[in-house]
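Have a look at these structures, which come just after this line.
Two complexes come next, and they have one chain in common, subunit A, joined by subunit B in the first and subunit C in the second.
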Partner chain A sequence: MARPRPTGPILEARDLTLRFGEVTAFQDVAFAVMPGELFAVIGPNGAGKTSLFNVLSRVYTPTSGQIALDGRDLTALRPRDLAGAGVARTFQNLGLFGPLSVLDNVLVGRHHLMRAGALRAGFGLRSARAEEREHTAAAMAALERTGMADVAGVAVENLAYGDRKRVEIARALAMHPRLLLLDEPVAGMSADERVEITELVRALHADGDLTILLVEHDMGMVMRVAQRILVLDFGRPIAVGSPAEIQADEAVIRAYLGAAPEAATA
Partner chain B sequence: MTEFFQLLFSGVALGAVYSLIALGFTVIYRASRVINFSQGAFILVSAYVISWLATDKGVPFFLAVALSIVFAVAVGVAFQLLVLRHLVGRSAFVAVMVTIGASIAMTAAVSAIFGPDQKLLGDPWGSSAVHAAGITFTWVKLWSIIVVAAVLYALYLFDRHSRYGLAMRATASDHIAALAAGVPVGRVHAIAWGMAATLGTIAGMFLAGFPNSPNLGLGDASFRAFPAIILGGLESPKGAVVGGVSIGVVEILTSGYSPGWAGTNFSAVAPYIVMIAVLLAKPYGLFGSVPAERI
Partner chain C sequence: MAALARLPVRPGVLAAIVVALVLPFGADSAQLSTCVFIVIAAIGAVGLNVLTGYTGQISLGHAFFLAIGAYTAAVLGGDHGISALIWIPASGLTAAACGLLVGPTALRLRGLYLAIVTLGLLFIGQHLFFNLDGITGGPQGRAFPAVQLGSFDFSPGQQLTIGGAVIDHDGLYYYLALIILLASLLFVRNLVASRPGRAMQAVRERELAGAVLGVDVARTKLMAFGVSSFFAGVSGALFVSYLSFAQPSQWDLLLSIQYLAAITVGGIGTLYGPVLGSIVVFAIPDLAKSLPFISDDGTGLSPGNFSSILYGVLIIIFFVVEPRGVAGLGPRLSAWLRRPGAATTPMGRVAVQSIDQEEAGSR
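Let's look at the complex of A and B:
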């Protein structure tokens, strides 16, 4: 699906600061994510990554500074408007509906795209039936992309953790976002699952015109997939650049990698 | 045996109405984790509005019921949008207290406007009945069973086959994730309140039918239906129906067969005894989900 690609950044933060009373979560954060880019935010524990993610996903409102989505003020949107504005997210600890089937979980992501009151042809309306087919097909296509189509009828609570993450990513894809926000997608995973999800994120980005912003603790994953990286340390941005530049950056090595950069990139 | 089947029929009819009341609790609890103690007040208000329209204003009965549903839905949705919406993020206890307050206010308003006397419902059934095999089937009870079955089926279709049914199930499971996936959670809550108000109106219509009538004690039925939702599991629509019918049958059978030494109102206590017995074996109700814990 070819979209005219705007020339400006899809997401731009300027002088972004978040405080909770006297505690500063992060301050003076500035970055721009270009369309089609895979941009990562990394940092040691407590660096402000999760707080920044929560500002981008409209859970928190920044104390000061601007954040623009396609040049428009992101903070003017309510959380539920994000889907319509083309922003989808995943959760660090999964945001799925356990008792619902895999397919239903993904169909929920289509809610904002549905027109008719009836999703399925419960009342025998032809247009409702056509719409149901359209949304089910889109949901199944998203599940194909993450490799979960063959378990579409299974309740999510019966899946392994890594597979649940695949369902969550499929739901985000089914929302047809332009910007995908991933909150520590490999947190809490086994080594095998980390490799698989890293490969999935890389493949999804390679597929097309999806812009991805990734907040992640796992350096190995970020170095493998990201095009540009923002490093936070104690709430302050200390470097922005390509993986190679970040790996060579003195301040980053001091703050994050410590004395063993080769171990962290393994 | 005839007496048993007569009681069983009455029990199923009463239980069907309890199912509607229990579903009213369940619908709101699933969407917003609030136990709505004003469900009984909706039953009361609706019965009086139907009575006022049908007997005082000469509105045809079924139109009166329809108008009463519209009124109850408006009140329920307004209550959610104007009051409860602003309590999001507070403890569920705050919202529960607010629903109790609303219940007291609505009951007082009915008493002030319509007075303490019993009213006529204005329904077309009255005490008319059909007789078969020695059993009296009053029309109001027959229709309550038929209408409840139809309402349950409509709710099932909504739950499984509609956009907002899916959104409601998602919201019930995790409202933050639902919001992030683009579900307008506030609208889902408003729809839940509209549905509960509709269920309350239909329940009020049948509860106020023969041999009863619109009276100020009508809302107490919600407390008699309460064991039903606990029995079935607060979150389970299936549990609300099974619990509702069971409690109705237990109540009527006990009232028919209870021994003299147990007292005249033992039938009001029996549902709670059944509830406690079930909770001892299944603490989350027959169909309730056991909360998952990290270990």
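Let's look at the complex of A and C:
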């Protein structure tokens, strides 16, 4: 947490292109996320949102272009280095470990901050136990923030979907990230759950110096929480701006509602 | 929850330990001998459970690591007369070293492919053990050293008298193996409730999600191979020391399958499952001898064949009916008692929700 905060963008993409053979997932995408910002990427189905998210979270390597995290090349990092670099992510369909308890799931988020190996842990050495206590406290604090502390001992697979998402977000928070990547956080949720999670994301962002980038299909959610929005359509960026600007943008309206004559098909 | 994990054991476990401690005084020699094999095998099963149960990596090569431990004991204890205090841990360490050497090959593979590669390891091992006469005695096999602590040794005929209680050859091995088993369980209990153990379970559940959280998947699998092989090595060394003689043909696929059966039947990925499973699986061959339709003279079903068939049947039954094994029967039973009819929910999951919570807490 003592890392110096650069004044430039925390995350910057330039001329980013991803192709699978002849298929172009997205091309010439450029944007910059400033520290503390809540930045959203939206677009209709097939716009390339998830592919872009997977590039940012190092699942895919871009065909061309650059991504910089704090001015350093993000593509040089392996997926497991992301946690140490201050990047946490959630998964569209949850990346939780079902049979493990809520607390254990969140504690896996502390993995990169902990040191105990098999021998120290297995022999139950004092240092390992002290570390465990310290990080359990941090994990519980993260669970408090998402309102899941009272089910810490419950196996995740026994929770409702919305609660699982809260656990996953708590786990990401427990990693003490500077940049939080949320992959469609309200996908597959009921209307009530959507409202709750939207409120949670907004509250977490309001709490402190967390930078959040979220990819989302749900316009309502994005308009309520995002400060700036990038809109993709068929793999191309068509607009960047504040929610108000995006709502008034001709190209965006066309992309979402279809061109005027076919408006009914949307 | 972490605080709960450090409390002394639950009442049921405490009762089981007490029963285990007095057991030699109520068993005849043949029964005690079966118990010795069960306890020694349970150490190896606890090890396999770390790899297969908690980390989700299927291995058919467990017999290979048992053999490595056995031959380390033979060379150090038998050929060089080194104390058991050295060769028991050394057997584990040598096996662990082999596990770490084999690991990198295994890291690239998962599921069925890993099973096939570890099966290959077993056959390479067989070839080596049959041909390295100097170490293994070749096809005829070789003798193995009895445990020797200072001037005292555990050979047949030896006995220890403590305040009127006589502990004979079998009893000595029984208590030694029991101490090592309890220590192994304590180690694994600590392990799975802390950083490396959570990483192992994360790898089992979702490798990618684990990696994104900073878990080094390759390192975690390697560690699981090492820990698993360590316990296999110790188990193998005690096994041959108690038997006092072994042939290379013993380290075969059936032995590996017995261990897989033990953790499956007992409850895969549960702490005490491997022990419960070992009791079931490793008692079968001895129990089978007393059944009327089983005979050793070639006229009926031999105890060996009968046992093999039973392992297969048990694995299938438990996979289909109770994936959490014998260890899952307790919670299932108490849920059924509390809420009649509830035990028929799929896999007992919903019905035993509250017990899951307790278990998660005590782990």
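General remarks:
Going forward, the second predicted complex is superposed on the first by the 245 of 266 C-alpha atoms of A that agree within 3 Å, B and C clash if a C-alpha of one lies under 4 Å from a C-alpha of the other, contacts with A are read in each partner's own complex, and residues count from 1 in each chain.
In this section, a contact is a pair of C-beta atoms (placed from the backbone, for glycine too) under 8 Å apart; a residue touches a chain by one contact, two chains touch by 3 or more.
The structure presented is a predicted model; accordingly, all values stated were derived computationally and were not measured.
When both complexes are superposed on subunit A, subunit B and subunit C end up clashing with one another.
Using the contact criterion defined above for the overlaid structures, shared-chain residue A:Ala152 touches subunit C, although it does not reach subunit B.
Looking at the shared chain after the overlay, A:Arg254 reaches neither subunit B nor subunit C. Judged by the touch definition given at the top, the superposed model places A:Arg14 against neither subunit B nor subunit C. In the overlay built on the shared chain, the residue A:Thr136 is in contact with subunit C alone; subunit B does not reach it. With both structures placed on the common chain, the touch criterion links A:Ser101 to subunit C but leaves subunit B unconnected.
The contact surfaces that subunit B and subunit C form on subunit A in the two complexes overlap at residues 57, 79-80, 82-84, 89, 91, 95-100, 104, 107-109, 111-112, 114, 116-118, 121-123, 171, 175.
Residues 157-158, 160-167, 169-170, 173-174, 176-186, 289 of subunit B are the ones that touch subunit A when the two sit in their complex. Listed in rising order, the residues of subunit C touching subunit A in the complex are 1-2, 6, 186-188, 190-191, 194-199, 201-202, 205-206, 208-217, 223, 226-227, 269, 349-350, 353, 356-357, 360-361, 363. Remark: subunit A residues 57, 59, 79-84, 89, 91, 95-101, 103-104, 107-109, 111-112, 114-118, 121-124, 128-129, 131-133, 136, 152-155, 157-158, 171, 175 touch subunit C in the complex.
By the touch criterion stated above, subunit A contacts subunit B in their complex at residues 57, 79-80, 82-84, 88-89, 91, 95-100, 104-105, 107-109, 111-112, 114, 116-123, 171, 175.
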